[in-house]
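Look at the two complexes coming up: subunit A is in both, with subunit B in one and subunit C in the other.
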Partner chain A sequence: MAKVFIYPATSLILSDLVSRYGHTPLSSAVAVRERIQTAGLESPPLQITPEEPKKGLRWAAVEVPAGVRGRMALYGPQIEAAEAAIIINDADLSFGCMGCARTNELVKYLLRQKDIPKLDLYYPKSEEEGVRFVAAIKRFLDGLGGKQ
Partner chain B sequence: MTQPVRIAQLSCGAEYSGIQHEIDTAAAEVGGEIFFPDIALKDIRRDFDLFGLDVRSPDLKLNIARAKALVEGRVEADAVFIATCFRCAEAAIVRNELRRYITENSRLPVVSYSFTERTTAGTLLTRMEALTTIARRRALLAREVQQGITLGVDSGSATTKAIVMKDNKIIGTGWQPTTEVLKSANEVIARALAEAGLTRDDIQAVGTTGYGRFLVGKEIRADLIQEELTVNSKGAVYLADRQHGPATVIDIGGMDNKAISVMDGIPGTFTMGGICAGASGRFLDMTSKRLGVDITELGPLAMKGMGANVPMNSYCIVFGTQSLVNALAAGSRPEDVAAAACHSVAEQVFEQQLQEVDIKEPVIMVGGTSLIEGLVYAMGQLLHVNVVVPPHSQYIGAVGSALLASGFIQER
Partner chain C sequence: MTDYTPVHAGTVTKYVVVESFDITPADLGIRAYEISKDTMVKETCFGLVINGKEEEVNRVVAELRKIDPDHIFVKDRGFPPGDPRRCRANIGGARPGYHGMENEMTVIPYVSHGLEALKTRDIASVPPPENPLDHRELGIARLKKLIEAQES
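Moving on, here comes the complex of A and B:
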């Protein structure tokens, strides 16, 4: 069983797939809903205080916006703990979404720098691509071991 | 019970910066209620494409869709608060364009702000108060003529001012540097009343504004206690006799600066603040002290000098002062140093604040610093306009308060 960081971290579909194949998803426990009534698309799952952006200094310098550092206080430790990662590029908003493009760049970069098994995919645009997409994720997760 | 003013928040990063609670608190303190316009995912895709600003951050796309929903009336609000992370270029572009889009296409008052994790409710309070005032007191802000006998007090961070008005004329003035807030207020009031030949009992209504407005307002039982953004706008167009149509009001204060885009005397968008005291009247005060001249002499002195002869950037008041000392030690003429200091302050207000409001003529400069003609000249050069400085411009907040307070005479 591996700890798999998923990007977008809010994707319930990815999180579910990782769990089904016997691994532990590292993600944010929020889903993007059809109607957005919160401040952002992926409002934080817990109370963020001004301390979090300071904790985020471990991953991003002080001149990086506070919103990026606050997010890194959540995702930074998960990235460090990750034993594998699945990155879905250009995902549809409904699939899962992280609100800040700068954080997204940093998160993906830090994952790509880690010497762990990684699956870097583009979000499917057709049914055929969708089938290949799920199969690729399944193969990747199977390859990590763990029980189904 | 009065209905809260519904303030639509369009933001990126406020929650992850840990300051959402501060925004909510500031709004609640002035009778406002923050809400996030309800939007469907499909609306985000459609509105973002229609708007045409191709940003990458999904939360900024969400803000674009929310702005369109507000402008098109799909979501109702009384005011809009746009806030994004400080130092995010992508967000700054969106913040600026949405502010412009909403102002040009609706009557909603807008304030935009870039925050850090250190932003507090206190910092946001005056801005939120201005938003709720504009939404709630449009009828009061529409007042163009002062009636009866009224008193206006502006308890500022650097100076305290009082004005007595009667039948649309200024008949008494009082001014002094702020020391103890209440003592300073009482002294300027006494001076203004003495000049007017009246007593406190003759006054029919009182208004206060400025940093000490709540304390002074409570002490002198003011009918109107109102933040300086709306009051100064009103005072500026009243004194400059430009009550109709667009105007831009610039107030370089002792502690912070205000740039306000006004339509018919009511603020549409405004910014308040400044990175450092180096961009405020304080720096000019320090400059005059270092040059050994009275602050009233700094303006005429600057007009005789060439600012370009002295390298100066008062981005920070400490480094600005260092530039000042270095220039004088290197043999620069005092008039050149005075001109450079004026240019430096004007340039920073121009670069940091005037980019966030639409400059429309007339540009009216008010507050004590508007009497420093070197500063007014430098601002005019930067904006390529003739800056208007109305009579009694240093009393702007007190005049605005006295004018608006007369709306309370009938109520009494």
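Moving on, here comes the complex of A and C:
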């Protein structure tokens, strides 16, 4: 069972397909859950404290805005733990503020730098593309080995 | 700043999203109530939110998937059901994150079709999808469309 980073990290489709084919999806929900379930100082809504941008310094330079570094405190450890990655390249839904946009660029850059199996896809736009999309993901995940 | 004490610590929450002609969230909800022990099940317009111990949630989710495996999709959620920081009942408007799910719901029928088709088709015979990293040349049809758009 491999840990597979999914991009967009909130994707329902990727999260489902990765777990359906026997692997562990690394998504933003898991990172948020860690913070929501850890006691500390109240910092609603996501329990992102002033400590997170400091942790984000591991992946982004100090002159990078705190918003990007704070987000990287969520995604950075997951990218380091990832043994494979599936990236959807036309995911308009991951568009957000400038902090989200820059974090998305940095996440994709770090994934491309990392020497792990990666699968690049577009969202399917027809039934035949849907078949190819699912088949590509299944072939990729089967190639990672582990429990099916 | 005040102290923060988490609720439902040590639990997981999962969305069960249904996109089916045969099954409704209400059907799933009834089935989930029948088979679950010590889990919190909330029915929503798109499916269920299930919270509880990881093993129990995984068991319930695995059972629910059997009802319509190609049309039921599951993903993790960070917050427990009804959390006032996320629930639309408290903040008004759609829940943050719903729009992303709504966007993907337009694609999910194609994925469901893919899952169904792969039961009968040989996966080795399915050609790979378009690779986004390939250099894409400007096709004649696209160039013509651009010229026409420029002229009008």
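Everything below uses one rule, namely that the second predicted complex is superposed on the first by the 124 of 148 C-alpha atoms of A that agree within 3 Å, B and C clash if a C-alpha of one lies under 4 Å from a C-alpha of the other, contacts with A are read in each partner's own complex, and residues count from 1 in each chain.
Quick note on the criterion: a residue touches a chain if its C-beta (ideal position, glycine included) is under 8 Å from a C-beta of that chain, and two chains touch if they have at least 3 such contacts.
Here the structure is a predicted model, which is why all the values come from computation and not from measurement.
Of the two partner chains placed around the shared chain by superposition, subunit B and subunit C are both touched by A:Val32. By the touch criterion defined above, A:Asn89 lies against subunit C but remains apart from subunit B after alignment on the C-alpha atoms of chain A. Legend: residue contacts after superposition of the two complexes on their common chain; A:Pro44 is shown touching both subunit B and subunit C.
Once the two complexes are overlaid on the shared chain, A:Lys3 sits clear of subunit B and of subunit C alike. In the overlay built on the shared chain, the residue A:Gly70 is in contact with subunit B alone; subunit C does not reach it. In the overlay built on the shared chain, the residue A:Cys100 is in contact with subunit B alone; subunit C does not reach it. In the superposition on chain A, contact of A:Phe133 is made with subunit C only, not with subunit B. In the superposition on chain A, A:Lys108 makes contact with neither subunit B nor subunit C.
Counting the residues of subunit A that each partner touches, subunit B and subunit C differ, and the larger count belongs to C. Contact with subunit B, but none with subunit C, is seen for A:Lys54 once the two complexes are overlaid on the shared chain.
In the superposition on chain A, the residues of subunit A contacting both subunit B and subunit C are 32, 35-41, 43-44, 93-94. Per the touch definition, subunit C reaches subunit A in the complex via residues 1-6, 8-13, 15, 17, 73-79, 83, 85-86, 97, 99-101, 103-104, 107-115, 117-118, 121, 123, 126-133.
The touching residues of subunit A, when paired with subunit C in their complex, are 8, 10-13, 15-17, 19, 25, 27-33, 35-47, 89-90, 92-94, 120-127, 129-136, 138-139.
Across the complex, subunit B meets subunit A through its residues 9, 11-20, 36, 38-41, 44-45, 55-60, 62, 85-88, 90-91, 115-118.
Only residues 32, 34-41, 43-44, 48-54, 63-71, 93-94, 97-102 of subunit A touch subunit B when the two sit together in their complex.
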